[in-house]
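Following are the structures in question.
In the two complexes that follow, subunit A is the common piece, with subunit B as its partner first and subunit C second.
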Partner chain A sequence: MAGKIIADTLETGAGADISTSYVVNGSAKAWITYKGTSTNAIMDSLNMSGVVDNGTGDYTMSFTNNMSDGEYSLTDSSERLENNNSPSITGFETTASGSYIHNHWNSGFSASDMFRTYSQATGDLA
Partner chain B sequence: MNTPEFQGTHLWDRLCWAKENLEGYQSDYRVVYEDSIDECAKILVPDPNWMACAMQGGILPPVWVYHELAKDEAQEDFKKHTRGYLLHETQPVDAMTEEEAIEYLIMKDCPQSVWQNWDSGNKPKMVICRKEQLPSTREWRNAWKITEELTVTDLAA
Partner chain C sequence: MSTVITDNLTGKTSAGNVTITSEGGSATMQLQQGVAKHFINFDASSGTPTSQDSFNVSSITDSATGKFGINVTNNYSNVTYSLAGYACGVNSDTFSSDLSLGLGTNLIITTTSGVYEILSYATSAYRDSKHCDTQGFGDLA
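This part shows the complex of A and B:
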């Protein structure tokens, strides 16, 4: 059965109040798990339309529901290929409301594809 | 499964509904394009959850909505989107075939300079192919280009 909860605040068992806006504002508005090796593929996501493989370790992720501006917050991590012990470095190049560029480098600062990359965006939706 | 009547529902809520109720669709199509002669070919990979939304129908806004938002963002005095309602209140598009969805995605996520003039040069700027047609390794990835041997006439045929 479909249901709806309308509430401005949530209360814990200890009696502490929290505004529901904390939950809304703190939730990830988009996330993605991307395979950057061999034939690239998106493994799973929310609020993503596609990824452009710009070259080695350089990917543009596009939102389905744009963010309200380019000032949203991105976090990321990556997973190396098995038996590859070199550290990886990741970063974001530019942000627009509809997409962002995710870059990866190896420990020698050479662009490098990752077995899996993970990123998520928090902020305000358009 | 029928799509609920979503016009006026926030697009993000529709995407959450789709995530809960639709199975992702991994398309074998890839779009290879070149938007700069100084850079390697780029490859657009469709998102499986987005493909499911496109093929289900009644969820995604028309592609012109994204173009309108891009125009707003290109203004010098742009601060925040004030026409985000276009995403939520415009009548959603009907169900698309896989091929129609790829065409929509090209118009959404590839530069307009590529898809509006893909066939205006000596060789095409853009090719839709199957992932099996791409190299299976990423060796020399930063040197990949659309072959010079492919002509616009070849693609039209």
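This part shows the complex of A and C:
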């Protein structure tokens, strides 16, 4: 049987403490490394059920366990071409409790698929 | 109110799997997978990147103007970890119309499990920015 601890605070032996609310609220609830060129694929992820390729540089990322609403915080970065210093521009749209849309452009603001795109979600799970 | 005093949290059934209950109470997730495994805030506005704050980062390599290698102390277990990045401020805290702000100015190239390159790009050129922030999520070795 797995053990279970119910606590409000974690404290190290040295006396440093942190409220468990920081641990629960501060942890990323989902993250993904996605390959968007050639054969699209999820390279690595947490709490992601799948990705829909909506078109060039336009991906819908879906959660396995939904967030409580669409107001969570997203961060990202991307690599447009493999081993190539080509700048990319990224943005998010339509964040819902179960998914978000991640958009990508090249430096000329033309929609562009990414060799790799990274994103992370922080907020409350349902 | 209760407090757990400990230096380590280790899963009982599986050492690398400590679960936490979601804020809404309807889901659980693996604690180890959700925490950032490294972060750094560095200032490159002088031309030499200087760490302001960091976790699990051993050093910064100044590859070229606006190009920096981030060397982690404890390596990831693979090269598929997920990265976030942000850079702003060319040479100072003052916003400049010459500067493109935001995540879109960054390009990150993952190279190995222990180092990756972050690029700060604005207005058709790589720039040594005042505020460079990056974080990583994934499995440590």
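Throughout what follows, the second predicted complex is superposed on the first by the 117 of 126 C-alpha atoms of A that agree within 3 Å, B and C clash if a C-alpha of one lies under 4 Å from a C-alpha of the other, contacts with A are read in each partner's own complex, and residues count from 1 in each chain.
Note that in this section a residue touches a chain if its C-beta (ideal position, glycine included) is under 8 Å from a C-beta of that chain, and two chains touch if they have at least 3 such contacts.
Everything numeric in this text was worked out from a predicted model, so none of it was measured.
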{"item": "First, second, both or neither for A:V24, with subunit B first and subunit C second", "value": "second"}
{"item": "Subunit B versus subunit C as contact partner of A:A126, first or second or both or neither", "value": "both"}
{"item": "Which superposed partner A:E93 touches (first subunit B, second subunit C, both, neither)", "value": "neither"}
{"item": "Touched partner set for A:S62, first subunit B, second subunit C, both or neither", "value": "first"}
{"item": "Which of subunit B and subunit C A:T39 touches, first, second, both or neither", "value": "first"}
{"item": "Dominant contact partner of subunit A by residue count, subunit C or subunit B", "value": "C"}
{"item": "Touching partner for A:N54 - first (subunit B), second (subunit C), both, neither", "value": "first"}
{"item": "Residues of subunit A that lie at the interface with subunit B and also at the interface with subunit C", "value": "29, 32, 44-47, 65, 68, 124-126"}
{"item": "Subunit B partner contacts - residues on subunit A that touch it in the complex", "value": "29, 32, 37-42, 44-56, 60, 62, 64-66, 68-69, 96-99, 111, 113, 124-126"}
{"item": "Sites on subunit B touched by subunit A in the complex", "value": "10-12, 15-16, 19, 24, 26, 39-40, 42-50, 53, 60, 66, 69-70, 73, 78-81, 84, 87, 105, 108-110, 131, 134, 136-138, 141-142"}
{"item": "For the subunit A and subunit C complex, residues of the former touching the latter", "value": "2-3, 5-14, 17, 23-29, 31-33, 43-47, 65, 68, 75-80, 83, 85-91, 105, 107, 116, 118-120, 124-126"}
{"item": "Touching residues (chain side subunit C, partner subunit A) in the complex", "value": "1-7, 9, 11-13, 20-24, 26-27, 29-31, 33-36, 67, 78, 80-86, 103-110, 119, 121, 124, 126, 134-135, 137-139"}
